[in-house]
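Presented sequentially are two complexes of chain A, the first with chain B as partner and the second with chain C.
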Partner chain A sequence: MSESLTLGSHLTIWIEAFVTLALFSFLYKDNPIYKFIEHVFAGLSAGYYAGLIGQSVIYPQLLDPLYSDFGGNWILLIPFGFGMMMLTRLTPIGPIPDLSWMSRWGLAITIGSTAGIFLISQLHGLVMPQTLDTFASFGRAGNTVEFAMAILTLVGVISTLVYFYFSKEHVGVIGRVAKVGIWFIMVAFGAQFGYTVMGRVSLLIGRMTFLIDKWIVGSMGSMFN
Partner chain B sequence: MSENLRPMGFWEKVSKLDRRWIYSAVAITVIIPLIWRIDFPVGITPEAKQLFDAVEALPDGSTVMLTFDYYASALPETEPASRAALHHLFRKNCKVVTMTTIPLGGPTISERVTRDMAKLYDKVYGIDYVNLGYKANYVAVLSGMGSSIEDIYPADNSGTKLADLPIIQNIKNYDDIDFIFVVADNAIVDYWISIVNAQYNTPVGASVTAVSAPKYYPLVTSGQMTGLLGGMKGAAEYEIMVGKEAAAVKGMSVQSLVHFLIILMVIMGNVGYFVSRKKKPQAA
Partner chain C sequence: MIKLARNNSAASRSLFAICLLAVGLCLVLFVGGESLAQDAVDTSFVDSAVLDSVAGDTGLAAAATESDKSEEKSSGGLFLAQRWNALVLVLFFSGAIIFYTQRAKVGKSLFIRKIPGLEAIEDAVGRATEMGRTVLFIPGIQELDDIQTIAGVTILGRIAKITAEYETPLMVPVRYPLVFAGAQETVKQSYMEVGKSDSYQEDTVRYVAGEQFAFTAHVNGWMMREKPAANIYMGGFYAESLLLAENGFAAGAIQIAGTAETAQLPFFIVSCDYTLIGEELYAASAYLSHEPLLLGGLKGQDLFKATLIAMILLGVIGVLVFPETLGKWITALWNGKYGS
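Right, the complex of A and B next:
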């Protein structure tokens, strides 16, 4: 790393290194420094998020259009009104009586529209194509191995679905198929666990790379050379 | 000697090992190869090759949307993928539209990474690339851009009106986007597929964190997703394919050693457990 790091860069790197080590200290045991950094992170995140929403949503998509062309954009006052109703959850405050019931209107619109969009998009975009592909894989199979894989996939899908079918007791044929489903679920969990380990180790590598390359070699190295 | 006072054997000690020794062993295994580099080969998976080939097949000058749908906490897995993708896209003179659905870090990371990479290829902001930044409510954002990107993002990440940027003159909605390259650390990929790919037929390829990768392989098989990079390994594969080996390839050598250590610990832990159980006296 170059020696041209500015004082500000040094300071940034040292703060980042301190925060990283403070969070790692939890691995030894819980301690006040860890708690302090945890609270700083929560506070910073909340403040940053509030500012970002103001800058990226409230100003460009509400205040600016209303200010520049109120007549053409007055309809924005309706979602703004519902948004303000959400804040009534904070009542009662001082002289303002309890108006929290009003927040349910805004929530109802949000939940209703989100559920409607998700229901259609998930069915149309994920459930149906995946169901069709479970069978389409037979048509694509070009050799014995691919055909065997298609059968394995079909058996896996059906037995796993049977495992999650709770309207009938898991005995007899249903019980045996559900048991096969458990094996498929276990294999899926194993793959998930392996990937999770890789993901977590990646994060550790990222932090260690920062500590060695930027903090020790970069910042400390340029300070003591 | 009573059972409680009996000295512990090796396997019993292993099965009762303080977790902090394990953390220390993992830390040392990560640090050593970062100081003295050890190289391990990284194989290319068919899903990663498929993504690379799809981008490679785009005509020069195509418009590609590159998303930065990840928090700062996932940087080691995702940033190398974003950088490798930008190497590929800028090299092909693609017009790059970046955006994020992540409030904390997303806008800053996309700005920093894209400007860094643009400098390497002499790309000009507003002409060759644009950073739309963050907008709340990803469902509304993803759906709305199907009608008009400008309605959702009246201004870019820096507050410049989109109408003032030359690159946007020919990009109105998904019809004008040739490929969407999603880099994500969460389930947003589901919505890029179920909302954008399914409804607007825009091809979507993704680089995701390792934790979420297993979920998306079936989407590649079904053809809903054009290629997939899983975690740091996927990013390393893309770095190799674009010929720009960097942080992910370096990290994968460390990964290999840590995985070896973890496998060893899983075996030792299980042997320790079974040996201890065998030695335990049967209840009367």
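Right, the complex of A and C next:
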């Protein structure tokens, strides 16, 4: 591997290793090197995303369709107009009066449409199939284990729903059912926690593999041998 | 409409939003109706794909979806008749919200139980005021088209009012330009509503970076330098949740988090002082503001949840005891045409 490394590859590996170690240095304490890399990272990503939106949204989804077939895509002028209104937040500028209130229109459309779309998608994609399956699983249960699982699911779903019921104080029967619900939630979180930690450890192993294999053995090895 | 948009009262804002929605609906129906209907037919695979995955997960009859697709494609029109059950549920849900909102508007008291994490917010801001330090609020790292971000920004409005009243510095780093605009507008409005417009600073809400971990790196660095007294995370978070919360803990801040991302909730639970779990995040804005409109929404949701519980129990009885009558009827209600 080391023999095939060019000067450019060495440089890339060393920059990667420096950035990785600079970010890891935050584990000790905040320091100027971390601060430098933090600002480089933030600045690069801001510029990168500006370019990305230009290339993946503004040109292919607005400018190109309007240029190639204006008659068929004139409706795109409406979101374009709302987008331009967002720029009124920069006013007042020179002779242009304060028009920043116009930017609320775009925000109102975004927030309103999001709420509406989510209501339907969550209802149709999650609430309805899960509700159906909670009781339909009893009809499908072919043996004792499947029936027991159906009961467990039923208890879990109902007690969790009761936990998220805000109109009654969690006392008495409701309190006891809600407590069962929080147990179900915590068991689910525990499983999720372990699963995600494994993923994080895997990321750390990836960085360590890079530092050892590519930087120390690969790049440093070829330089000092 | 322009006058309405300029006017800042809650009533005129609501009327303005309704006007905008009505204009949008008219445009969709009368201008783009036909093409939308065609799109709805052509893109029916989207919903079918979701249903396929749900069917795979839940054990519903996957085979039924193939025939559904072909029938769906031939249906045409603005409405898909086989989704009648979704219409019934939406009407019921909306009706419940409107009913409770009207009750709240005429002065009927609507009880909401205490949510400990939200009770702690005012204490956390008070602590920051006493210590003369900043309150950090992050409305998640998702776009404004994520419902969690909208919930986060709504909560931000209430928190900004408290910080404005106490004259406590507030810092709101955001990841997306649209969230930046929304958060800035919300904070500005809150300062105006408590008569502290002069205390509002333009750089309270800051755009940091578009990349998830660049955002996290910057916020973590800022936390260690500025040592905020209270960190409040409300919205959609992903892998950065533990990085932010652990760092906030190391910086000595009291931390309150809320998200509906189930994969991230365990991390917030172990590293924050209080955590709002899932739906509590959506309830928070109503709880904090006690506005009739929001309270009505919350009570409407509760009625919907109670109905869900009743329907599930009815479904179990139907499937086990009366499979040919009640069982079939209730399955059809929740299934529409799928899997039937």
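Note that in this section the second predicted complex is superposed on the first by the 209 of 225 C-alpha atoms of A that agree within 3 Å, B and C clash if a C-alpha of one lies under 4 Å from a C-alpha of the other, contacts with A are read in each partner's own complex, and residues count from 1 in each chain.
In this section, contacts are C-beta pairs under 8 Å (C-beta built on N, C-alpha and C of every residue); 3 or more make two chains touch, one makes a residue touch a chain.
For clarity, every value in this text was computed on a predicted model and none was experimentally measured.
*Asks:* Would you check which partner chain A:Thr196 touches, where first means chain B only, second means chain C only, and both and neither mean what they say?
*Replies:* Touch status of A:Thr196: both partners.
*Asks:* Identify the partner contact of A:Leu119: answer first if only chain B is touched, second if only chain C is, both if each is, neither if none is.
*Replies:* second
*Asks:* With both complexes superposed on chain A, which partner does A:Tyr48 reach: first (chain B), second (chain C), both or neither?
*Replies:* The answer is both, since A:Tyr48 touches chain B and chain C.
*Asks:* Which of the two partners, first being chain B and second being chain C, lies in contact with A:Arg89: first, second, both, or neither?
*Replies:* A:Arg89 contacts chain C only, not chain B.
*Asks:* Report for A:Ala188: first if it touches chain B alone, second if chain C alone, otherwise both or neither.
*Replies:* both
*Asks:* Could you tell me if A:Leu161 is touching chain B, chain C, both of them or neither one (first, second, both, neither)?
*Replies:* The answer is second: A:Leu161 touches chain C but not chain B.
*Asks:* Identify which of chain B and chain C touches the larger number of residues of chain A.
*Replies:* For chain A, the partner with the higher number of touched residues is C.
*Asks:* Now for A:Leu27: first (chain B), second (chain C), both, or neither, which partner does it touch?
*Replies:* After superposing on A, A:Leu27 lies in contact with chain B but is clear of chain C.
*Asks:* Where on chain A do chain B and chain C both make contact?
*Replies:* 45, 48-49, 52, 114, 118, 121, 124-126, 129-130, 132-133, 136-137, 188, 192, 195-196
*Asks:* Would you mind writing out the residues of chain B in touch with chain A in their complex?
*Replies:* Those residues of chain B that touch chain A are 20, 23, 26-27, 30-31, 34-35, 73-77, 103-104, 107, 133-136, 139, 143, 154-155, 159, 190-191, 193-195, 197-199, 209-211, 213-214, 218-219, 221-224, 230-233, 247, 250-251, 254-255, 258-259, 262.
*Asks:* Quick check on the complex: what are the chain A residues that touch chain C?
*Replies:* Touch residues, chain A against chain C: 23, 26, 29-30, 34-35, 37-39, 41-46, 48-50, 52, 75, 78, 86, 89, 101-115, 118-121, 123-140, 154, 157-158, 161-162, 164-170, 185, 188-190, 192-193, 195-196, 200.
*Asks:* Which residues of chain A touch chain B in their complex?
*Replies:* Going through chain A, the ones touching chain B are 27-28, 45, 48-49, 52-53, 55-57, 60-61, 64-65, 114, 117-118, 121-122, 124-126, 129-130, 132-133, 136-137, 188, 191-192, 195-199, 201-209, 212-213.
*Asks:* For chain C, which residues are in contact with chain A within the complex?
*Replies:* 5-6, 16-17, 20-21, 24, 27, 31-32, 47, 50-51, 54-55, 58-60, 83, 85-86, 89-90, 93, 110-115, 144-147, 150, 177-178, 181-182, 184-185, 207-211, 213-215, 217-218, 220-221, 224-225, 239, 242, 262-263, 265-267, 269-270, 277-280, 283, 287, 298-299, 302, 305-306, 308-309, 311-316, 318-320, 323, 327, 330-331, 334-336, 339
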